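Please find one structure pasted underneath; my questions will follow.
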Amino acid sequence: MPLSVYLNVAVGGVLTGLVYGLMALGLSVIFGVVRVVNFAHGEMMTVAMYIAIVTFAWFHLDPLILLVPIAAVLFVFGYALQASLINPFITRPEHSQFLLLVALAIIIANTLLIIFGPDARAVQTAYAYDSFQVGPVIVDAAKIYAGAAAIVVTVALFAFFRLTLLGKAIRACADNHTGALVVGLDVERLYALTFGLGAACVGAAGSMLVLITDATPMVGPGYTLLAFVIVITGGLGSMPGALLGGVLIGVTEAIAGLLFTPSAKSMFAFAILVLVLLFRPRGILGKRPA
Amino acid sequence: MLRVENLDVFYGDVQALDGVSLDVEEGAIVAIVGANGAGKTTLIRALAGMQRELRGRIVFRGRDIAGWPSHRVCNLGLGQVAEGRQVFPTLTVAENLDIGAMLPRARALSARNRERVLAMFPVLAERSRQAAGTLSGGEQQMLAIARCLMGAPELIMFDEPSLGLAPKIALGMLETIRELNGDGLTCLLVEQNVALSLKLASRAYVLENGRVTLAGSGAELLADDRVRSAYLGL
Amino acid sequence: MPIFEMPYVLVGDIAYDPATHDLSVEVAKAKATGAEALLVISRLNDAMLLTRELVKQRWTPQGIMSLGPGWYEDQYLKTLGRLADGPISFIPWYDPHKKLSRMLEAELAKTHPGVNLNTDHVYTFEALLVAADAYKRAGSSDPKALADAIRATNITDNASVGPGIQFDAKGQNDKVRGAAVQNRGGKLVTLAPKQAANAKPEWPMNSYLGRG
Amino acid sequence: MIARLRAGPASRRAIPLAILLAAFVFAPFFVNDYLLTVLILILYFAYAGQAWNIMMGFAGQLSLGHALYVGLGSYVAATLFTHFGIGPWLGLLVAIPIAAACGAVIGYLAFRFGVAGVYFAILTIAFAEFARIGFDHLDYVNASSGLFLPVKQYAHNDLWLLRGDPTMFYYVILAATVFAFVLCRQLLHSRIGYFWLAIREDEPAARAAGINTFRYKMYAVMVSAAVTSFAGVFYAFFYNNLFPEQVFSISRSIEIILGPIIGGIGTLFGPILGAFVLTGLAETLNAVMGAFGLDLPGAKQVFYGVCLLLVVLALPDGVWPPLARRLGLSEGKQ
């Protein structure tokens, strides 16, 4: 096979991986701070995708513009969820949290099913079928926009955590929970804020993902699993790790699909996950617990 | 300034504090003395709003704060330098101080307080960009105190401030507490070095098995035979 | 892969995960084989994903031949618009020249404008036709008489492709013939078999480039 | 503690347990086909839930990928049957070591390399997914087209080949559920059970007390996997068709887990009660929604989700522990 094919596929894998990485970043942020694994992550993203699809259908607003309001909507959703339902579960055992979030996931996915039916839906932007040609490489326009937006959102989030007082306070909570209580941080509110931010990441990722792929009400679990694979590969709780994991998984799947049969490509993502867990149990960029 | 009346704290079926009452007057240094497991840390956690299942009254600056969450307690001016220092290890020294000043009561005073604490602990200024986890034990204790001061407290509870420090640094730490008190800060001190803390204290309480068994001025307790034999090894 | 006596070479065989959301690698791989035509078996969502990738990767094979659902469905035609033109589906179909087919088409256009007549409609209709015919011949609703009547069905005036409806010993309608149907301008034209054809195949299909 | 467990409410539990068992034994004489199928489903989940509970409830190792062992059991038995005509009971003798070996591999990789907690849970999902895609490409078992067991009309029930009417399947799964219950009870009251509980409560402390935590965690995974594999054998012969997409899917794993969590993790009776609550709930919803003509796709699942949510909010320890306290049937301190 000519090299250009590999190049094409790899570039596509990187760009898609960035969007997946952004989605996984949400999961990572939530787990890193709140220590709750969001088993409803994929379903939250499905909600974002449907908001984008409906808004596009009604107002013909481009998902790239919708990214901000959709992220805001998901932020509010995540904040409310943490403040109301999840905060009392922080100290409960993992299986209890798991049940809570699985119940939520079931409710969300099936509510979407009732409203939208089982058929796949997509947005048809003006550039839905565009691609750019650079030498031998043809790149999907929507993927470029989505990948770029994923980078922008991640950088913004990174800046928020490094530069703002609120961001530092959230990092402080993740760093030392007792310490946060000692200095008088309102930990429950910061947790809600964190869950909101994680949800906003998912919202942004979802509104970009509709540029690349269709949505059905039942795609959630697949994305939740993908997010798990990515964050654990990259390092749960590490922000650059999530993006790196996303790109790594995206490229691996793409190249594996090219070399072997595409139907088995996600097996290679799991293979990478297993290898990473064995040799760096905290992920590529994850830190060992103090 | 702080009055505790009949405080009971339970952990499940186990009673950790039993009818504890005590008074901390404004400007005083009050010491709590007791063996390990007597309930000293539980008392501090209860006062700080970190142990909220309790009975009794905790009146601070005229308000009953029993059962309040810690962030509201802190914002009323009741600060804490906790056991084990509890700094944020991956945040820089400067960021740790920023977090200390996040209380609504302290935000406006942030710049002035920062100058004050850095003048008090110059080493923190030198290390401001270093991650707190890389500091030595003594430096971390300074950071914990400085971070607490950033919150503009009126009363600070110290839980074992000299624990795990070299003797010379430990002495310096207690000296720092005396200085802070001299500047008008009220202090509640839990300290393993009983002799020194009683010397510093204007008033002291002995806590045994969750109960206050003895109270008096620091000098009185220093002279008390029971204290001398149980805690001073004399 | 079974080898058939065909004047064609199968240059590749690509299986994909039906749960996938992205078929770019699959299309890139197919394109790289240099194949002249694409033989596809996929469902509606995958058909749309595949088409979108063909456009984006700027590859128009000479023809796309589908052996499954998806490519001729109304949802496909509606969603993809002008990009839906070209694929040929090999499926059970109706004979557009038959009288009943024309009646059905006209009736559907009146009650559900914009919906193309398809095999589902026609087969449902023919099922009713078989039932009504059997009832008429049996002259009663006695189950046994009805079953016997159904077994003796011999309808020649029907809608689907082929000489009519008749059941063999196993209960299969062995008179049914497959058809080749091509998407053209949001409609479906029949290319084969000859007696049902109402259009000549468009081959090679028009390039995706410039269809917009 | 041993004395309390044995002499305590155990004897008081014997009578209600006997009544319950009798009710199950005679149930097929009083229910119609539909209810019998529901009972089979309940017992199936009760069995699988108990198997999972050994690993999570007793030893504290959260597995979210138990569909792996169900799938292995069903594929091994079904393959032996369709390819070589070997019946399910001999097949089970092959399925058990295979499932246990897979559990051992996962356990070894995780416990040796310090993969614990959430990471371990996700590793278990990863292996189940790995198997799903792998079997999807395994032509020997018909890959994604699915494996079908030959279905014929049988003149009489053949217990040896597990071919027959639902009543036979009912008694088979009932016997299996009783077996699992007794096994769990024996395990829990044995040395190994105490070590498991110690590990669940505080692993470092257990290690400090001289327990070889690695070995006992391995036992937990292997026993749980082996017991689960029979659920797969049963599944294959009851439903007669297997698709990797279905038997290995995450939702299969979740189905198995919900029962014990709802019923009460780590208890003996919780998984059984949980299976009743969940399957009963699902079927009741079916009936109610059917009666009101509400067959909106998804509506049932939304109600189901809401019920799960309410249970987990109201009963953090599951349904059984508070119920047992009220009935005076507590299983003692666990």
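Which chain is which? They are A, B, C and D, in the order written, and residues in each are numbered from 1.
By definition in this document, a residue touches a chain if its C-beta (ideal position, glycine included) is under 8 Å from a C-beta of that chain, and two chains touch if they have at least 3 such contacts.
In this text, all values refer to a predicted model and were calculated from it rather than measured experimentally.
Among the chains, the centre nearest to the mean of all shown protein C-alpha atoms is found for A. The most distant chain from chain B, with centres taken as the mean of CA atoms, is C. Distance between chain A and chain C, defined via averaged C-alpha coordinates, is recorded as 39 Å.
In whole angstrom, the spacing between the mean C-alpha positions of chain C and chain D is 45. Centre-to-centre spacing of chain A and chain D amounts to 32 Å, using the average Cα coordinate of each chain. Taken residue by residue, chain B touches two or more other chains at no position, since every residue touches fewer.
Of all residues in chain D, those that touch two or more other chains are 133, 136. The multi-chain contact residues of chain A, meaning those touching 2 or more other chains, are 261, 263-264, 266. Interface residues of chain D facing chain A in the complex, by the touch rule stated above, are 56, 62, 64, 109-110, 113-115, 117-119, 121-123, 125-127, 129-130, 133-134, 136-137, 144, 250-251, 254, 257-258, 261-262, 265, 296-302, 304-306, 308-309, 312-313, 316.
Residues 1-2, 5, 8-9, 12-13, 16, 119-120, 122, 124, 128-131, 133, 138, 140-141, 212-214, 216, 219, 222, 253-254, 257-258, 261-266 of chain A touch chain C in their complex. Listing the residues of chain C that touch chain A in their complex gives 14-17, 19-22, 24-26, 28-29, 31-32, 44-45, 48-49, 52, 55-58, 75, 79, 83. If you check the complex, the residues on chain A that touch chain D are 31, 37, 85, 92, 94-96, 98-100, 102-107, 109-114, 117-118, 217, 221, 225, 228-229, 232, 236, 261, 263-264, 266-267, 270-271, 273-274, 277-279, 281.
Interface residues of chain B facing chain A in the complex, by the touch rule stated above, are 48-50, 69-71, 73-75, 79-82, 86-91, 95-96, 98-100, 102-103, 133, 147-148, 151.
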